[in-house]
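A short worksheet on the structure shown next.
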Amino acid sequence: MNIRTSARFRNRLLVAPALLGLSLAAACSNSSGSSSGSAGSAAPLPASCAKYQPYAGHSGTTVTMFASILSPESDSLEKSWAEFSTCTGIKISYEGSNDFESQLPVRVAGGNTPDLAIIPQPGLLGQMVKTGKVVKPPAQTVTNEDQWSPIWKTYGSVNGTFYAAPMSANMKSLVWYSPKAFQAAGYTVPKTWADLKALSDKIAAAGTNGSRPWCGGIGSGTATGWPATDWLEEVVLGGQGSQVYDDWVSHKVKFSDPPIIQSMQTVAGWMQNPAWVNGGIGDVKSIATTTFQDAGAPVLTGKCWMLQQASFYEAQWPKTAKVGPDGDVFAFQLPPVNPALPVPVEGGGEFLAAFSSRPEVQAVQNYLSTADWATSRVKVAPGWVSANHGVDQSLYTDPIDQLSAKALTDTSVAFRFDASDMMPAAVGSGEEWKAFTAWFAEGESIPKVAADVDSAWPQ
Amino acid sequence: MPVTSPLLADSAWNDAAIKLGNSFGAIAGFLGILLVVFFAAGRATGRLGRPLAIAVFLGPALLLLLVGLVAPLIRTIYLSFRSDDSSRFLGLKNYGWAFTTDTIHQVLLNTLLWLVVAPVAATGLGLVLALLVDRMRWQSLYKSLIFMPMAISLVGASIIWKFVYDTRDSSQAQIGLLSQAAIWLGWHNPPNWILSHPLNNFLLMVVMVWVQTGFAMVVLSAAIKAIPDEVTEAARLDGASGLRLFWYVTVPMIRTTLVVVLTTVMIVTLKAFDIVRTMTGGNFGTQVLANEMYSQSFVQFNVGRGSALAVILFIAVLPLVGYNIVQLRKERATR
Amino acid sequence: MSSQTSDQPALSTARPLPAVKAVRKSFSSPLGSLFVIVVTILWTIPTFGLLATSLRPQQQVAVSGWWNVFSHPDLILSNYHSVLFDGGFGVQGGLMPYLVNSLAITVPATVFPLVLASMAAYALAWVRFRGSDTLFFLIFALQVVPLQMALIPLLQLFSGGAHLGGLTVIPKFDLSGTYVPVWLAHTMFALPLATFLLHNFISQLPRDLMEAAVVDGASHFKIFRSIVLPLCAPALASFAIFQFLWVWNDLLVALTFAGGTPEVAPMTVRLAQLSGSFGGHWEVLTAGAFLSIVIPLLVFFGLQRYFVRGLLAGSVKG
């Protein structure tokens, strides 16, 4: 999945200019008058910087950070902590790479570790902890983390020990559609799985000039297959419940066990239904060769009506398309397959792991775990959501952000982290992608696909 | 580069000057040290002279090879006998996995196919072109255009060709050239090329051939030009026709070059994972050994299996190396 | 295609042709020329498609083929503008710093292996010693070591030095943020092929010339500098082109040893960041890809005439 959470970030790199950063740091250390001493005894910062007092005392230091987030999203990140850097004099040297998931392990194994890394997958965090290089967060970070729902702490933990505080969250259980087109055709947003199926059949029956109810694409370079794993996760969470979901993640329930096989059949009846897909693109097999970025384009031309994709898909719509409840595109929450279960909210997120315990690294860690920083980030630009309960919901300006933030902090829904992100890499970013791609591309049978994935589970 | 100075801050130019200065400074320093060493070592005479010369000439290269290739090779062999995180000894289990798993069978088969088809096609085509192009007007234009793909990175080339093979539903406008060409030629419902196994393997090989043919052509063309006229003159006077002359005189005369070109392209082919990685991610039955190795080691974190595949790759190429060595030995013997 | 020309008698002309020309002649029927032209066009079309795509607006790239530029020429330069000048947060000059890095990485990473490999090749070919053949073959065999397997051990070496037991063999240098690790890595990976190809050439140099120099009392160092290097200039230039192209187009080594900051990262790393995951932003990617092949092409055209004399020409002169 590595790409799915980071796909929205992959655009353009922004890296802090050394010169600018240094001059800021220099200006800052001059104004604060002091550049040494521990946080407790640091000289007071000027009034405008008062709120950064807890992080003072490390002026002139640099903290390196490595992540998969690329410009323009990384620009927003850097802007969000620019004031912190100016006031405290801690320069954060940021590097984004779209090979993050394979580069981080290489660099950690090679001894060239960054101070901080923003890791989007609990599974990868587990791999890093195994190397023994990840440092536990300072006490303040642990306290700050309590502002998140308790379940997030487990996602930032490995074998019961808390290592990485969540920074952001995203919402996956969304179906994108065109409110304008729905209105023109007289369709309403389905509230239950039965409604969803009825609507799909209706659209399929009415289908003029090749329009179909659903479109999809699972192509994503080396991560091809991940959107298909999301579809199964939605169906498992909404059809079998969170207990089965958790057991499935820990392999107590296997892919070849009845609940998962049954869920795969549901997915096959949905995204492999030749009457329903692949609107505006081709047949069922074309899902395997269409990139997830391109998959939604037919929604705007009326050739396809619905696309299941995460909140970060918002970045893929052309700038000319208006996003909103009455706009060109918007999203509704995917109803649960089993109406007796709570609404499933499958999500992803990013975790800040430290590879150094230097005081300035801990200062940055502490700051980035506060609701204060999250608020600062929300104000910079839309397209970013925190599940931190300390963030004022009214700050979100984007309708999709509002929708996601509401769902992610809603305590009545069944929130679960992306399953493949938590499974061992050999499955979650290996065999599951491959087998599911073969499932769509070559029409491999469901029992064979399930058996293939199970056999890759590390013994 | 079409970069005009008003668009760039002075600091950017200064920065560029410093970086390039460092870089050329490093080259100057490197050559300077060599010159001094040469001068000093050149003074040594007598019994010390020869060993010293060998040490100076070979030492740096051997040291770098030892550190950069030999040590990692030994480490890889060691890791291939160990578990995914190298903590346990597994014996030959990783190799057993490689030879008993269905998907890996497919990978080995594909790799073999690549190894035979792509280099032979690139070299063969390069040879024909080398013979044909030299008589034509504007030959350097043709040569340069055919060589041009060599200047494009394999990732870039894969992106270009992904465009060529793109297929849309027959009700849509095609954006892939191959599908459009098929439609122009009257085939109204072309398949989804990249999904059509086993054709897709060959479509990916086309990319490699496209990149490597220019290399083969340029090198072989030079080799043909270097054949001394008098060597083949006798054969020609015996009445051999052009084609026979080509087969029995030209080809044997450039055989060493042919083998070298073939070997070079084969090794590039074996090691190249970018094409498969970029175009199919190893899906649809197109996976090759180099990409599977990369994926096992760096995506799925199974260093043991990745290392075992690397060793298999290494062993697969050894016969090729052996053949080259035999050829070189023969050539040495005749000299 | 050659079958159609095979019956053409090579001896039909009265004037005796040099034999090689006879071979060529039999291949140079109009059909042969046509074949070359067709191949050339086929070989150029994909790159032309890249150029055309890079000049089209984003919306059109996704819905219609690039050949539509002929019927609906609607070309823009904004893709190039965004590649060249859009920096991120505070990055000046867009692609410029990366272009400089590419040059600063590629030139030394071409010169170093070239010089070291020609020295090694000379020693193996002309300062023969017991085991020199075996050594040469071993170096040749090292070509097949997959470089992915060398990434982690080399990174460990560069960041922590080398230790054998408690003994520090190579001390730790702080090289991060400099080009040195990238230069070294590229040099190491290039040595086997470079040594092999240059050895082929150097070992074919005229024996009399070498022996005469030895009789004159020249040291190996003098022979290397004043005879070997000048004589194998064409081979050096040919290999330089390949090494230049290889380093220029490399992504993996640069990403691992240089990282992605504008201080050291080359164009390829930047382009990978620009493109995001493959699939999105074709138009920007194509513009970047086209820019990245300009310099290698200039290098190729600049050194092209050396190809006429050839990389391996020496190996068939015997």
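First chain written, first letter: the chains are A, B and C, and each begins at residue 1.
Everything that follows uses one rule, which is that a residue touches a chain if its C-beta (ideal position, glycine included) is under 8 Å from a C-beta of that chain, and two chains touch if they have at least 3 such contacts.
Here the structure is a predicted model, which is why all the values come from computation and not from measurement.
*Asks:* A-B or B-C: which has the larger count of contacting C-beta pairs?
*Replies:* Higher contact count goes to B-C.
*Asks:* Among the chains here, which has the CA centroid at the largest distance from chain B's centroid?
*Replies:* Measuring from the centre of chain B, the most distant chain centre belongs to A.
*Asks:* Quick one: report the Å distance separating chain A from chain C, using the average Cα coordinate of each chain.
*Replies:* About 39 Å separates the centre of chain A from that of chain C.
*Asks:* Averaged over CA atoms, how far is the centre of chain A from the centre of chain B? Could you give it in whole Å?
*Replies:* Inter-chain centre distance comes to 38 Å.
*Asks:* Report the inter-chain centroid distance for chain B and chain C in whole angstrom, where each centroid is the mean of the CA atoms.
*Replies:* About 10 Å separates the centre of chain B from that of chain C.
*Asks:* Among the residues of chain C, which are close enough to touch at least two other chains?
*Replies:* Expected reply: 62-63, 92, 154, 272, 278.
*Asks:* Of all residues in chain B, which are in touch with two or more distinct other chains?
*Replies:* Those would be 11, 278, 298.
*Asks:* Could you list the positions in chain A whose residues touch two or more of the other chains?
*Replies:* Residues 106, 220-221, 223.
*Asks:* Which part of chain A faces chain C closely enough to touch in the complex?
*Replies:* Contacts found on chain A: 3, 6-7, 9-18, 20-21, 70-72, 74-75, 78-79, 93, 95-99, 103, 106-107, 109-112, 219-221, 223, 291-294, 297, 316, 318.
*Asks:* What residues on chain B touch chain A, complex-wise?
*Replies:* That would be residues 11, 84-85, 103, 167-169, 171-172, 192, 194-195, 197, 277-278, 280-285, 295, 298-302 of chain B.
*Asks:* Please name which positions on chain C make contact with chain A in the complex.
*Replies:* 58-59, 62-63, 86-92, 151-152, 154-156, 158-160, 176, 255-256, 259-263, 269-270, 272-281
*Asks:* If you look only at chain A, which of its residues touch chain B in the complex?
*Replies:* Its residues touching chain B are 19, 101-102, 105-106, 127, 130, 209-210, 220-225, 278, 280-283, 285-286, 288-289, 425-426, 429-430, 434, 437-438, 441-442, 458.
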